[in-house]
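As written, the chain order gives the labels A, B, C, D and E, with residue 1 at the start of each chain.
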Amino acid sequence: MSEPLIQVEGLKKYFPITGGVFQRTVGHVKAVDDVSFHIHKGESFGLVGESGCGKSTIGRTILRLMDKTEGSVRYKGEDLHALNKEQIRALRPKLQIVFQDPFSSLNPRIKVGEAIGEALLDHGLIDRNELRQKVNETLNICGLSSYHYDRYPHEFSGGQRQRIGIARALILNPDFIVADEPVSALDVSIQAQIINLLSDLQQERQLTYLFISHDLSVVEHLCSRIGVMYLGSMVELASKEELFSNPLHPYTKALLSAVPIPDPTIKRQRIVLKGDIPSPANPPSGCKFHTRCPMAEARCKTEAPVYRDAGDQHFVACHFA
Amino acid sequence: MKQYIIRRLLQLIPTLIGISIIVFAISAMVPGDYITAKQNPNMTAEKAQQLRHIYGLDKPEYQRYFIWAGNMLKGNMGDSLQHKQPVTKVISNYVWNSFIIAFFSLIFSWLIAIVAGVFSAKFQYSLFDKFVTLFIFLCMSLPSFFIGLLVIKIFALEWGILPVGGMTTAGVEAGSWDYMVDVLKHMFLPTLVLTMLSTGSLTRYFRTGMLEVIRQDYIRTARAKGLKERTVIFKHALRNALIPAITLLGFELPALFGGAMILEKVFVWPGVGQVYLESISMRDYPFMLGFTIFLAILTLLGNLLSDVLYGMADPRIRLK
Amino acid sequence: MENALIEFRNLKTHFHTSNGTVKAVNDVSFKIREGETLCVVGESGCGKSVTAMTMMRLIDSPHTSDGQIWFEGKDLLKLNKGQMQQIRGNDISIIFQEPMSSLNPVLTIGEQITEPLLMHTLMSKKEARARAIELINLVGISRSEEIFHSYPHELSGGMRQRIMIAIALSCNPKLLIADEPTTALDVTIQAQILDLMRDLKDKLKTSIMLITHDLGVVAEMADYVVVMYAGNVIEEAPVIELFKNPQHPYTQGLLKAKPVINQKMDRLYSIPGQVPNPIELGENCHFHDRCAHCMQICKDQAPPLNEKENGHKVACWLYEKEGGQRI
Amino acid sequence: GCSGGANEAQPQQGNADNKTEGNEASAPVTEGVIKATDLSQNPPGATNRKDNIVVGMTSPKGVFNPLFWQTTYDLYVVRTVFDSFLQVKADGTYENSLAEKVDVSPDGLKYTFHLKPGVKYSDGTPVTVKDYAFVLKVLHDPNYDGESDILSFKIKGGKEYHDGKANDISGIKVIDDNTVEVTVTEATAYTKDYLGEQYFMPEAYYGKGFKKGNLDSIKALNNKPIGSGQYVLKSFSPGQQVVLEANPNYFKGAPKVKSVIFKTTTEETNLSMLQTGETDMDNITVTEDNVEELKALGFLDVNIMPTNGYGYIAFNHKEKKFQDPKVRQALTIGLNRKEIVQGVYGPYANVINIPQSTESWSYTDEGINKYEFDTAKAKALLDEAGWKVGADGIREKDGEKLTINFSATADNPVVEALLPIMSNNYKELGIKLTSETLDFNAIMDKKDTGKFDMFFAAWGLTPDPDTTTFITNGAQNDIGYSNKKVDELTLAGKHELDQEKRKQIYKQLYQELNKDLPTIFLYQRRDMWPVNGRVSGLEITPYKDFEFTLHNAQIAQ
Amino acid sequence: MSAETVTIETNQKAAIRPEASPWRIAIRRFNQNRLALAGLVILILMVIICVFGPMISPYHLDDYKLSDKNLSPNAKYWLGTDKFGRDILLRTMLAGRISLTVGLVATFISVMIGATLGALAGFYRKGVDTVIMRIADIFMALPTLPLLIILGAVLSDLKVDPSNRIYFLMLIIGILSWTSLSRLVRGQILTLREQEFMQATEALGLRDRRKIFRHLLPNTIPTIIVTATLGVAGAIITESALSYLGIGVVPPTPSWGNMISAANNLIDFRKRPWIWVPPGMCILITVVAINLIGDGLRDALDPKMKK
């Protein structure tokens, strides 16, 4: 493999916490705290982790929908955060995102047909009279129908809205998609359909994904490499085979053990994480996971584990791995 | 936020300078001056020349501007030509009279508008809504003096329960309890009309604002919590419909002190609006300029206030 | 277990839109017993959320609702506003599917959680605050004090969802409607939330109507499952029975489509075809054009929902005696 | 004189709605007093006030200083609080007030005023002619910015004092406490009245801190006046009222009514306030409606009298087309002035043909052309003047079309009637008229810059007929009018001291103006002062306003 | 049941019709809104009457007949006469031409300027906001009356035909009254721009023009409509105040505003309602009609409208 398509280097994103009448900054939420990884062309990179650990923030910062605090994001070697407005706009069709919250990312006054097609028009990628045709095609691909074209977002069910979001991203024929929980609201059949679609597209067009999800089975199916995040940091990164067969970080282990199995007769033993979830504004010293780690020792409290290669491109940040 | 406010306050300076230049230029371009406006049939040319010299009207415009602006900086607005008194004194003589009716009508109109607007929205197209709408448009379709005359006819002439105009009955001693009652009686009609006039547009804005908001998902959530409809509407919905209201609130600041020219005339209310109007038609420049700048400062502050309040009403707004 | 807490009888909810009448829920009947967890699964857009929302009487788009919803001897559709208000948030509470837009953007999280407490219980402001912070912790959010003062846009998707859950749980409802409550949550927290709901059910005999797509969650939580398709209930059964012995072709397809960890496959199975346009629904089996076992009768007549053995009900001509010929 | 009363009753026919029985029986009273008919109608608002009179008026500005007053309403206060040697009479001539007698040297250059003995200011201090000299001195101050133009009366040494070349005014000599001698260098008919009209202000009070060139200390006392007049200022609430109390030291005896209040009223509601008794008297615009309304109330004495002023339409004499008197005459004859005036004021105004009030001693209608409306004659005049009807129906001369831009202030009710009638009349004559309404000052500005054709305005008259309105380059003559004969007559009138001779001069002057028509003289309307019937003793005339006789007023209990 | 299927079928056709553009649908919805349609019809009727009425009236603008003054409505003068004996009906219709044009055009101008500038300020914030809002501040602080006096004088000096000054009047009312709308719109856009769907438009790389005019402004349409409705009434009434300054209409040309103002004393007010009721009613009807249209438009553009 040559140069990676996306290179994230030491990315940080802090949100100020404000207080008082004059809204002074009293601290920072370290939503993303020094994360580095890269994604190759045609690869899908899975991102899993605790809710609120900064996955969506990473996704948005990569696409420069939010300003970074530190670090860099390179797309084909170009630093996205250094481009000017016009340059980044020109790149937009190539870099797409499926938002986590499908409803609030749709303008309530714009019919979904237009919402899906407008970017094509705006970038001059299509003729106005071909638009409807193209949108309908995409709707169909995403499990919606042409009769949905003229409806407003509020007339859709949660899953349907999610598919609108997917269609909106796919229609632009992008290189890279940040898919933020794209199938969470879909029933399994449609979920399967969408996932198949995504992997077909990947094969056909060498599409690259950053796939954020909580559903480990889906991640396993779709992604080749998976990163596990905890409290703003990457704690483990490995190919999916490695990760599922040989999880090294205790958090990853706990995660895997908690996946519900669709068989009411099986009751599985899962690793229960004890303790309060620490605040990203004031993360614990040493290893951020030590407050909840079943294996924690004294050194974990003081010494932050190095994020290192445990062999075979299996990165992990744990003293015991 | 603090920074933002400081920056905005600093911006006031160039803005005010700009306003002062424009306003002065306007006053300089307006045809005629105090002397022509007086139309004194005995005025000889020499006398007119003399007066213009004393008033400083014979100097070139830019010089006059710098003299005036320099004095303004020192807090000296000059003497009103008509009143032969410092402009600040004249303003303070009249402005509080305008303020009290504006203040009460502000309170009443906002209260009424919120309630009427909210209910019109909640019961959109109901009989109540239609009635309110029609009433509002009725008030707006007639010039204000007209509504003034109407209430005078009814309350003062036909029923005889309220005075026609003025602020006090001639001869009532200031300071006594009777005086208070007397002033309240005199205030009633102008306040009523002012309220009627401003309630209309406010109600419309509240109504549309609410119409937008009450169909949002979070209103559904509030209902799902089993909250009283009152809470749902006045807390959850109204808060979200506040942005236009805040903008309008910012406009009220200059309005509080600006006086209502036409109504003051109809009700013989000793407010500053009429004095201002007269200063314009009499080309009493020191007063006209001074008061215009006074209102300009209030306008700027009002708008600043609403910008600051935006951030409080909606935490998502980031004005930096 | 036998007492029905709530019973839907022939519920119909039709939306009147400029494009036509959308029959989102079309003759749905089922019941939820006391202390039972009932899972509703089904195709996306089949009317699950609308069913729940109709019960809460919270639909504000132009629509008509028909049928009855019996709750504690009252028909919810016939109650007046005041009575309904007493029930909402107190006896029945709901976790909405869209956590972002369901939280008021200009009120702090704290205000939004304490509200139902102050409304329905006799708590003082201070107690309510303490309880709210407890709830925030309970749903697994750290820095509860800070979150108490935060606004919704400052939270992540999962955090918002958990706030919605905290609000719904605050008054210990008799019936909890959870519309895909854990979609945005990672599995550890999902497990924590599910535990929480189970606790509630065990301690307070709360009934739960859980709408979800995650068959894993269904397997873990449900006592009883209702499968919906295009506005109809097409199958219902106790959970073990359903997983063991799915009867309706749609249900069978659904179970097959679920990817499972460590089961390698190239392509996931998905049911071919599309959900019918809810405006055009006719009097037939709505699944017929996607069904591998489609018969003539399926195209002409809607199958009734009839009870088979083991408390298993299914609406499919395959299992009816007068079933027509295969084609 | 009651002009054309019978004529003006005519248009009323067919207007049954507005006719009251009174109207039908007799021609309306268009001048004089319509007495109250039923005092029992008096509202409690008025009858409850036993010892004060409330006069409604536009709000004074609070400059209650004889030297600096700004508006008529300030002047009303000044006149009640202060006194002067001479006072105007109903006919516009002057009589002694504080003066015991006035000696005028035969050449009219020396005036000796003798003060009545024993007069006191309201604070008890005696009135002396030193105070008078003080006032004259202040009027000569280089920084004096009041309206009085004493320099034009040329007191000896005055100019030198004003220009800083002298420390005293040589022409003012205080002989003793009660005698003062004023010498002027140019005799005019009005000098005596002017000098006698200056108010006495106690030097002890106003002169404190006064230095030449700095009048601030005097201005500071604007709202705390002390004079020797009938009333004393008790309080002034800006925009609301002026409360005056009887001066017990008044030299003609303490006024009978204890207090007089000048209450602010406005056009819109002043009538209603009379009706409710909130005011006892007010100046109400005279219209048929208002007169009827007031009459119907029954408890008001309605005083109707000619206004001190007239309305006119000016020509721009710098424009060639208006330099021909024939054109001006044609434009006057071709305009139906009577209809305009009647349309607006009904019988309460009359068409005029000279620029003088019918009330003035100098008024004349001898040899005055009435210029009755006559389109044919107007057309003939225009033809004579060389303006021939062109192909498009518009007259032209030497290739120039007869177009007129007409400007008017819109806040005058006359304009509304004037514009349609004028445009109809002039269209008939073959003149293209475009009209605009402008802010008053904008018109005055046009006048100054000469950028106008014709405009409509009203003019105020002084009791003395001397004016600079029509003399070449006169201070008030900004329409560019010039006529040698008028110049000569005006100057002669100004310098002639004998009134009978002046009368003759003005007769000639008015005849000349009437012939030459520097402007179209339009109308003189009426003023109306309704007074509550319970108040008696006030004398209200065009030249002598109500305030001079306040001390005679009485309230019927 | 069968009846229902029929309706479904017709609806279905409507739904499928492929060329149905958003505007088409808005227009269709607008048509469904009977009140809005009524508003439109009323407004059109007003216009027709005002334009053609005077042509068939037996009276003429310059007519006056003092002997017929102040007549109450009768067979000859259907709405009576004013103090110069002019036919009120004719004058009301003639006035309508002026007032309707002034009201509509001035409002249109102010709404265009106000909405656009407000949207730009709210969208770009920072420097653009500062500049636009400070300009708005300055406009708000300008003393209107002196400004108009100058304008009147200038127009007069330039010898602009008085009958054309009405265009300047519309322009000037429009230009002086955009500020409040711009602040209102800006305020709303400040909130709207922070919503997630705007992040979505950024992700799609839409042009700013589209973001502003397609995504943000339509969400402020309700406010714009209210402002516009209020503005029409305001402009009609303001016009009458301005004719004094040489920019409005010149008598005898009537406008509704100056017809009402002519009755500015209690006597006309009380005794001769026919002088002021017709113009007053006309303004009211116009405003109500515009409001109905506005409400209809808003409902038509509101995806969640109940009907």
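By our rule, a contact is a pair of C-beta atoms (placed from the backbone, for glycine too) under 8 Å apart; a residue touches a chain by one contact, two chains touch by 3 or more.
Molecules present, by chain and UniProt name: A = Peptide ABC transporter substrate-binding protein; B = Diguanylate cyclase; C = ABC transporter ATP-binding protein; E = Peptide ABC transporter permease.
The structure displayed is predicted, hence computed values, not measured ones.
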Chains touching both chain B and chain D: E
More C-beta contacts across B-C or across B-E? B-E
If you average the Cα atoms per chain, which one ends up farthest from chain C? D
Please identify the chain with the largest separation between its CA centroid and the CA centroid of chain A. D
Chain centre separation in whole Å, for chain D relative to chain C (CA means): 90
Distance in whole angstrom between the CA centres of chain A and chain E is 50
If you average the CA atoms of chain A and of chain B, how many Å lie between those two points? 53
Could you check chain C for residues that touch two or more other chains and list them? 19, 60-61, 98, 100-101, 153-154, 279
Contacts with two or more other chains, residues of chain D listed in rising order: 267-269, 272, 439, 441-442, 445-446
Residue numbers in chain A touching two or more further chains are 101, 103-104, 147, 150, 154-155
Interface with chain A, chain E side, in the complex: residues 15-16, 18, 20, 22, 25, 195-197, 199-207, 210, 214-215, 218-219, 301-304
Residue numbers of chain C touching chain A in their complex, please. 15, 17, 19, 22, 41-46, 48-50, 61, 97-101, 137, 140-143, 146, 149, 154-159, 161-162, 179-180, 183-191, 194, 213-220, 222, 239-240, 243-244, 253-255, 257-262, 265, 267-271, 274-275, 277, 279
Across the complex, what residues on chain A touch chain E? 60, 63, 65, 88-93, 95-97, 99, 101, 104-111, 114, 118-119, 122-123, 132, 147, 150, 152-155, 168, 172
Report the residues of chain C in contact with chain B in the complex, numbered from low to high. 56, 58, 60, 81, 85-90, 93-94, 96, 98, 101-107, 112, 115-116, 119-120, 151, 153-154, 164, 167
Which of the residues in chain E end up touching chain B in this complex? 35, 125-126, 129-130, 133-134, 136-138, 140-143, 145-147, 149-150, 153, 180, 183-184, 186-188, 190-191, 194-195, 222-223, 225-226, 229-230, 233-234, 237, 240, 257, 260-261, 263-266, 269-270, 276, 280, 283-284, 287-288, 291, 298, 302, 304, 306
